[in-house]
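Chain nomenclature is as follows: A, B, C and D, assigned in order of appearance, with residue numbering initiated at 1 for each chain independently.
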Amino acid sequence: MALTREQIAMRVAQEFQDGSYVNLGIGIPTLAANYVPDGVDVMLQSENGLLGMGRYPTEAEVDADMINAGKETVTASVGASIFDSAESFGMIRGGHVDFTVLGAFEVDVNGNIASWMIPGKLVKGMGGAMDLVAGAKNIIVTMTHADKHGNSKLLQSCTLPLTGVNCITQIITDLAVLDVADGAYHLRERAPGVTVEEIQEKTAGTLIVDGDIPEMKIK
Amino acid sequence: MSGFDKVVTRYEDAMAGLRDDMTVIAGGFGLCGIPEGLIAQIKTMGTKGLTVVSNNCGVDGFGLGILLEDKQIKKMMSSYVGENALFEKQLLAGELEVELTPQGTLAEKMRAGGAGIPAFFTATGYGTPVGDGKDVRYFDGRPYILEESVTGDFAIVKAWKADRYGNCVYRHTAQNFNPMAATAGKITVVEVEEIVEPGELEPSQIHTPGIYVDRVIKGTFEKRIERKVTSEEGQ
Amino acid sequence: MSGFDKVVTRYEDAMAGLRDDMTVIAGGFGLCGIPEGLIAQIKTMGTKGLTVVSNNCGVDGFGLGILLEDKQIKKMMSSYVGENALFEKQLLAGELEVELTPQGTLAEKMRAGGAGIPAFFTATGYGTPVGDGKDVRYFDGRPYILEESVTGDFAIVKAWKADRYGNCVYRHTAQNFNPMAATAGKITVVEVEEIVEPGELEPSQIHTPGIYVDRVIKGTFEKRIERKVTSEEGQ
Amino acid sequence: MALTREQIAMRVAQEFQDGSYVNLGIGIPTLAANYVPDGVDVMLQSENGLLGMGRYPTEAEVDADMINAGKETVTASVGASIFDSAESFGMIRGGHVDFTVLGAFEVDVNGNIASWMIPGKLVKGMGGAMDLVAGAKNIIVTMTHADKHGNSKLLQSCTLPLTGVNCITQIITDLAVLDVADGAYHLRERAPGVTVEEIQEKTAGTLIVDGDIPEMKIK
């Protein structure tokens, strides 16, 4: 069965290692912070200039000067640092952030990603997404495998304007975990109860299925 | 040290010299750390044809958004311009131009502008519409695009505290684009919550050295919150 | 948060992984703010063929100068290498290579290296031997040269205090090149006067966020003064 | 009569305006700090990362962590700020420093300066000089008008490797104050008792003498 948003987030969180610096995009990626495994500590980077993003504030702690990149009120965790936007993106672009997790409209077998612009629709901007995909050591894309019309989002070649090229290395969808390498998707895990055939059918780009594909372990 | 006393008390003096068609660089991220009173003064002055360089354009009725009401902005350079119906309307009507710029590139453009770096290479935006028409060069086998720096006739900045010499410190994430903006204005105006005497700020802890700052004014701030999200104690 | 605890207690562990022919970026200006114990450890290890990127090369018998004694340095990238007879001797004998780099360009090369900027344009050095063979480009009618960034296999840094997560603050002008060096090492090692617990440093006042730092070690420092100049009280 | 080093420094200091940020090179330039006119306050920038350089410390105040660009122990003045080398040179290169005063081996009518390298002699480095001449709003060169052999240092074209091009706007020597513009030296002031003829004779590059040339006012 296809994973829920929460289950996708759980699977994403399994990728983090103890001591990882992680930037989480808006949506499913943000949920991943709730499912970091026991014994693993991550520090969240928020690109508006906060390393060590904490929980949301209590009513009494709310402070207009303390927000995250989604413009939500937040707190700083113990050991946090706060800095300006140039430093924040130096950190991102310079490859110091271990994991970036973000959503996408489309990806393709060359590791390209389209996530910010649909021609004909009003464009609101790319925010920090282009910097994040250009800079992070590991970029994980989270999204549903197909759109609501059933069209695959894992293409041979993106059709929408790109956010970045040759940058995506891993995709975690409601159906599967896949690596992107050598011009193909490599199926690594299936969602519980989802068959390789279904994944194959819903993947428009070249899919390599090598050996037995295990089911994801989701609590 | 009267020559270094940058404090002005009237907003007219703070923004004196701003003219139609000038470029204004503004600090702030969303509604966080924005020079509310300086923006209001620009609205009062009615200056038109402005090019505004800022990560966002406020919201309807607050922040830089109020400069849209009388169509004072000709062009925005921003990374994200959602949250603003009037912006959308003027954009669709062709009354407003927007140059979407990746957030990190925008920050770096401001820093470079202030630091005498006319252009730099970045991987950000290569192969995307942002890279269209820009010079591409490979370093260690990877393609990068050339981005030019930005400077403003004015920079408007929000700091927490400044001393009379213009040395500034920022509070929490209200820092954001403000320090870079401060370096990139021909005239840099800082609006602060508190003015202190020189010597009160620890020299090694000053975020913006006074050399970048031309005028300092004490403001009062509404500090509107865009997305208030709370949790229960201990969560 | 054990995964973020970067404290090591032995200098062997602090510099573990340093091999012959690697590049080391070192903070410090003259003898001010130099990682004395990390330099001593490199001498103890006897690593050879090093390329060292640092504003200066210490003096005879102190600072980076001690790495010359056993000819451990193959090449220096510096802005000024006076104050060192052994350096001069090895240079004239062809045993040591030096790439003289303007001080501001050197600082910017380190910063760019850490910030994912592979190259930038600067007016500094245009029309001088520094500009020879480098790309020239005009912006607003003025010529600039293209300078490439620098990164190191290791960066060795001296901070005043660091917490266990590697967040650092520097004291007075011992800051100098240290924050940029810290960003530019594949492995960044910081030697400090005091290790504090996470949370003790004010987040907005941290000079180097811990994300850049791999190892932290507490050292003891001689802090030799190169030019002690004093004045009478009140002068 | 030719000015002494102290008198050159006095004349340099007259250029500063109240509220000027000034970077002073080693030697005569440093002396200028002692002669800033009454009613004029300047803030000294030291390129190792100090804006607001104060006096030398007392014995009790000496601190190895507090030095200037000449590596001398110093203090910070009230209202000083301290920052890293990238910020310091951003400040310099970005044109925020009002005056840079430095010495030179040679200058020429195109505003070029040679101050760091004599071929055949061991080169110790340019330090921050190339950044300073590329960046400051006003660059004042202080030096003796001629070398000890009597050869002019104000040339038509520099012969030594350059520190910077088209950057020098003013020269203050032991004999004269000159502006550099439009491919010529423009004589502005004479040292007390020094004739225009002597200056003419000791200036190798094109010298324009326009009208009466006043004597410098040196206390």
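The rule is short, and it goes like this: contacts are C-beta pairs under 8 Å (C-beta built on N, C-alpha and C of every residue); 3 or more make two chains touch, one makes a residue touch a chain.
Which protein is which chain? UniProt says A, D = Dehydrocarnitine CoA transferase subunit B; B, C = Succinyl-CoA--3-ketoacid-CoA transferase.
Just so it is clear, the structure is predicted and the values come from calculations on it, not from any experiment.
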Comparing B-D with A-B, the one with more C-beta contacts is A-B
Here the gap between subunit B and subunit D, centre to centre from mean Cα coordinates and rounded to Å, is 35
Subunit C to subunit D, mean C-alpha position gap in Å, rounds to 29
Chain-centre distance (mean CA atoms) for subunit B and subunit C, in whole Å, is 32
Where subunit D touches two or more other chains at once, the residues are 50, 76, 82-83, 86, 89-90, 92-93, 134-135
Expected list for subunit C, residues touching two or more other chains, is 108, 111, 115-117, 122-123, 170-172, 175, 203-204, 207
Among line, ring, star, complete and other, the chain contact graph is other
Every chain pair meeting the touch definition is listed as A-B, A-C, B-C, B-D, C-D
As the complex stands, subunit C meets subunit B at residues 108, 112, 115-123, 137, 139-140, 142, 144, 148, 169-172, 175, 203-205, 207
Listed in rising order, subunit B residues that touch subunit D in their complex are 1-4, 111, 113-117, 163-165, 167, 183, 198-199, 201, 203-204, 206, 209-212
Per the touch rule above, subunit D residues touching subunit C in the complex are 46-50, 55-59, 62-68, 70-74, 76, 82-86, 88-90, 92-93, 112, 117, 122-131, 134-135, 161-166
Subunit B partner, complex, touching residues on subunit D are 17-21, 40-41, 43, 45, 50-52, 76, 78-83, 86-87, 89-97, 134-135
Residue set of subunit C touching subunit D in the complex reads 29-33, 55, 78-82, 88, 91-92, 100, 102-108, 110-111, 122-130, 160, 170-180, 207, 223-233, 235
